[in-house]
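Let me begin by handing over the structure; questions about it come next.
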Amino acid sequence: MSTVLELDGVAIRFGGVQAVGGVTCSVEASDFIGLIGPNGAGKTTLIRMIAGLLRPDRGRIFLGGVDVTADPTAARVRRGLALTHQIVRPFREMTVLDNVVLGAGRAYTSSPLRALLHINRRRENERAMEMLASVGLAGTERKLAGALPLGQLKRLELARALAVDPKIVLLDEPLAGLNHTEASKQAETILEVHRRGITVVLVEHNLEEVMRICRRLIVLNNGIVIGDGEPREVMGDPAVHDAYVGGGMVNHADA
Amino acid sequence: MYYIDLAVTGISFGCMYAMMSVGLTLVYGLLRILHVAHAAVFALGAYVTVLAANATGSIALGFAAALIVTPLFGMAIYRLLYEPLLSYRPDVPMIASVGLLVLMQDAFRIVFGEQGVTFHRNAFSFTTFDVAGVTIGAVQIALVVAAAVIFLGLHLFTTRTRIGVGWRATVSKPKIAASFGIDPIKVRYLNFAIGSALAAVAGGLVALLNNLVDPGIGFVVSYKALAIIVLGGLGSVRGTLVASLVLGLVESYGTIFIGAWLDRDAIAFLALIILLMVRPQGFTGARTA
Amino acid sequence: MSAYTISIVSIIGINVILAVSLNMISGFCGQISLGHGAFFGAGAYAAALVMVKTASVPLALLAALAAGSVLGIIVGFASLRVRSDFLAVTTIGVNFLFVGFVRKQSWLGGEMGISGIPSTGLGASGNMMLILLLACVIIAFSLYLSRSWMGFAFRAVGEDEQAATTLGIGTGAYKLAAFGIGTALAGLAGALYTFFTQFITVDAFDFIFSVMLMAMVVIGGIGSTWGVVAAAIGLTLLPEAIRFVNDYRLLVFGGMLVLVIRLAPGGLAALVHSLLARVRQA
């Protein structure tokens, strides 16, 4: 089964606005998708619905062929989903290592009873160290997450998401707030994640990096899909061009 | 007739709850803090009213004194307790507030005695009017009139005066208000001052009603006030007024039905808990959690 | 051992169990509960009723555990729906409701309480030993819990629920677990209290008592088992040792709560921690 994620007519309305209006698409295991569009297009809303943080008014969401529309986030994570947040949410009172170890311990935390009966963390500690090294955070393990600067927090967010051993990761603006060098490095790391066989759906405004690393672009405008396909083709589409020119999107890394 | 009596009691209590609770909802609306110690402010208002009235022989002066002292106390609580704790999660100032309340209640007991204080000369508690066969106390009337005047006054203040409008703006959109030159710090002090003054009025009137102020006066009312502000929708003055009146009436009539197995004072909490389970955003749904 | 000492040690043991169990809910899992007295009371009353009917100690203990946890899980469901400070208000409400309800029920003794509860047969020192034994077991359990994956998940839930769910942690289940466990233990403490006093009135389980328990947790250092144990011992002994404190108990406790939060929010545990850190550096 190579369809990892499927959306069928997913829509949601808030405050009188149709934030997302009936999105249908299919994501294959090998995909590396850039979800782009002007500000307010509904990208984060869509991601949050896929993750289970928001319930759609209509439509269905399938993970690995299973209908997860009614499932809470934690259940979707157990099915192989991972998410990073646009505004990072590290556990500031815990060490950098512990943040990632918690993710790595997903099997133990799946039920309170299970969690109560297990105390050993050696394997998870090791995996977490590897994960931190792979995102370039080796050496920061003992620091309190609250003490890290934004660039490192973004990488921690990624490491933590990878620690749950996902099949698909939803990355919500992982490059936002990073300077040119940091953004490039982070993009490389994400590319590496994809090479390891994990499906990536990336929401980003940083078009330079998106064009470089994504294999498929989905363009959202006013809550509907207006473009889906190979990056160059999609960017060449006049409808997409109009959406951006009208929509005030930024073309480079911006806070 | 009995039912009308209950209605009178219910409405006058409701008015008292409203004046007491508005301060609480105002603080929540502005700072997102549950100002449990507001009960101590209320109690202080009651004590000052009685003591000043006794010292000067005039109940009016008693109220005046309370209206001066109590807002100062309320503002001091903000400055000394809440301001330094604003960066913590909201439970922290709340627990501190609870600690302060417990401390103050005991302080009142120690300073003013377990038995409390009473007015030396108080004609009001016992003055009643007979209106179409229903007995209505003078203090009950005072409660309703005071509440009406106050709420109307608040409404006019926040819609017709510059300071009032600025205050409302700061509560709903602090950053925008600040960019118009409205000082958010001054607004905070104003917030506490007004809320505390209202509690003082409520306290003084309760003192008149019962002809007694004892150390426990703040306690039960304060927890009811918490229930009221949630029921009314946090931060909503109108909601608080509605919820207060409803609670007053429900308590009055409710004791007929459930007085057998539940204390009158617990009714407020029962209502609160049921509501929170069914509608976590309160009656009017204003300012959800 | 004098009767007085046995009595004090028994109370200390009970307060330690209460504080440690509250720490599991509010410290480890971050769910502020200002109604812990109600669960203590539920356990005490359940045990009292069982003892009066059957004088069976094991049955009374079980009934107390059950009463505490059933009430606790119901409150736990509240935590799934409302934000932290509202949860605190709900727990205050639960305390008032419990007291208000019990006061009116004649089968629960109403205002007069339940008296003449049969003794456990262990005698005063026997009861004390039982209390100390259970306190030690519960402290050990709390330390274990803190180190386990459950404690780890609790901390995540307490800090940021949304982030916790994205790591596969079912926050609702964990909150219920925290309440269930913490309140069951509070109920157990209630049974021990009933065995000790053989006479209970609902005033012992009021909101003020709940505030004192929260004071022990905050002063000890929210989240730290040892800190909370130390604070429970200290705050129970303080009124006994210092007459002034006994007369002005609430003033002192309220004052301490305010001062600790204002000046040393991490409580004793944090102070000791930073002291040790400075010693290590020196």
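Note that the chains take the letters A, B and C in the order they are written out, and that residue 1 is the start of every chain.
Please note the rule applied: a contact is a pair of C-beta atoms (placed from the backbone, for glycine too) under 8 Å apart; a residue touches a chain by one contact, two chains touch by 3 or more.
Please read these numbers as outputs of a predicted model, since none were measured by experiment.
A.B. asks: Are the chains other than chain C still all joined, and if not, how do they split up?
C.D. replies: Connectivity without chain C: A | B.
A.B. asks: Starting from the Cα centroid of chain A, hunt down the chain whose centroid lies farthest away.
C.D. replies: B
A.B. asks: State which chain is most central when centres are taken as means of Cα atoms.
C.D. replies: Checking distances from each chain centre to the full centroid gives C.
A.B. asks: Select, from all pairs of chains, the pair with the highest number of C-beta pairs in contact.
C.D. replies: The chain pair with the largest number of C-beta contacts is B-C.
A.B. asks: Please tell me the distance, in whole Å, between the geometric centres of chain B and chain C computed from their C-alpha atoms.
C.D. replies: That gives a centre separation of 31 Å.
A.B. asks: For chain A versus chain C, what separation do you get between their C-alpha means, in angstrom?
C.D. replies: 41
A.B. asks: Centroid of chain A to centroid of chain B, CA atoms only: how many Å?
C.D. replies: Each chain's C-alpha centroid was found; their separation is 48 Å.
A.B. asks: Can you list the chain A residues in contact with two or more other chains?
C.D. replies: none
A.B. asks: Give every residue of chain C touching chain B within the complex, in rising order.
C.D. replies: 32, 34, 77-78, 81-86, 88-90, 92-94, 96-97, 99-101, 103-105, 207-208, 211, 214-215, 218, 248-251, 253-258, 261-262, 265
A.B. asks: Which residues of chain B touch chain C once you look at their complex with the stated criterion?
C.D. replies: Of all residues in chain B, those touching chain C are 34, 81, 84-85, 88-96, 98-107, 110, 223, 226-227, 230, 260-263, 265-266, 269-270, 272-273, 276-277, 280, 289.
A.B. asks: Going by the contact rule set out above, which residues of chain C touch chain A in the complex?
C.D. replies: 144-145, 147-150, 152-153, 155-156, 159-160, 162-163, 165-174, 176-177
A.B. asks: For chain A, which residues count as touching chain C in their complex?
C.D. replies: Interface residues on the chain A side: 51-53, 72-75, 77-78, 82-83, 85, 89-94, 98, 101-103, 105-106, 108-112, 114-119, 121, 160-161, 163-164.
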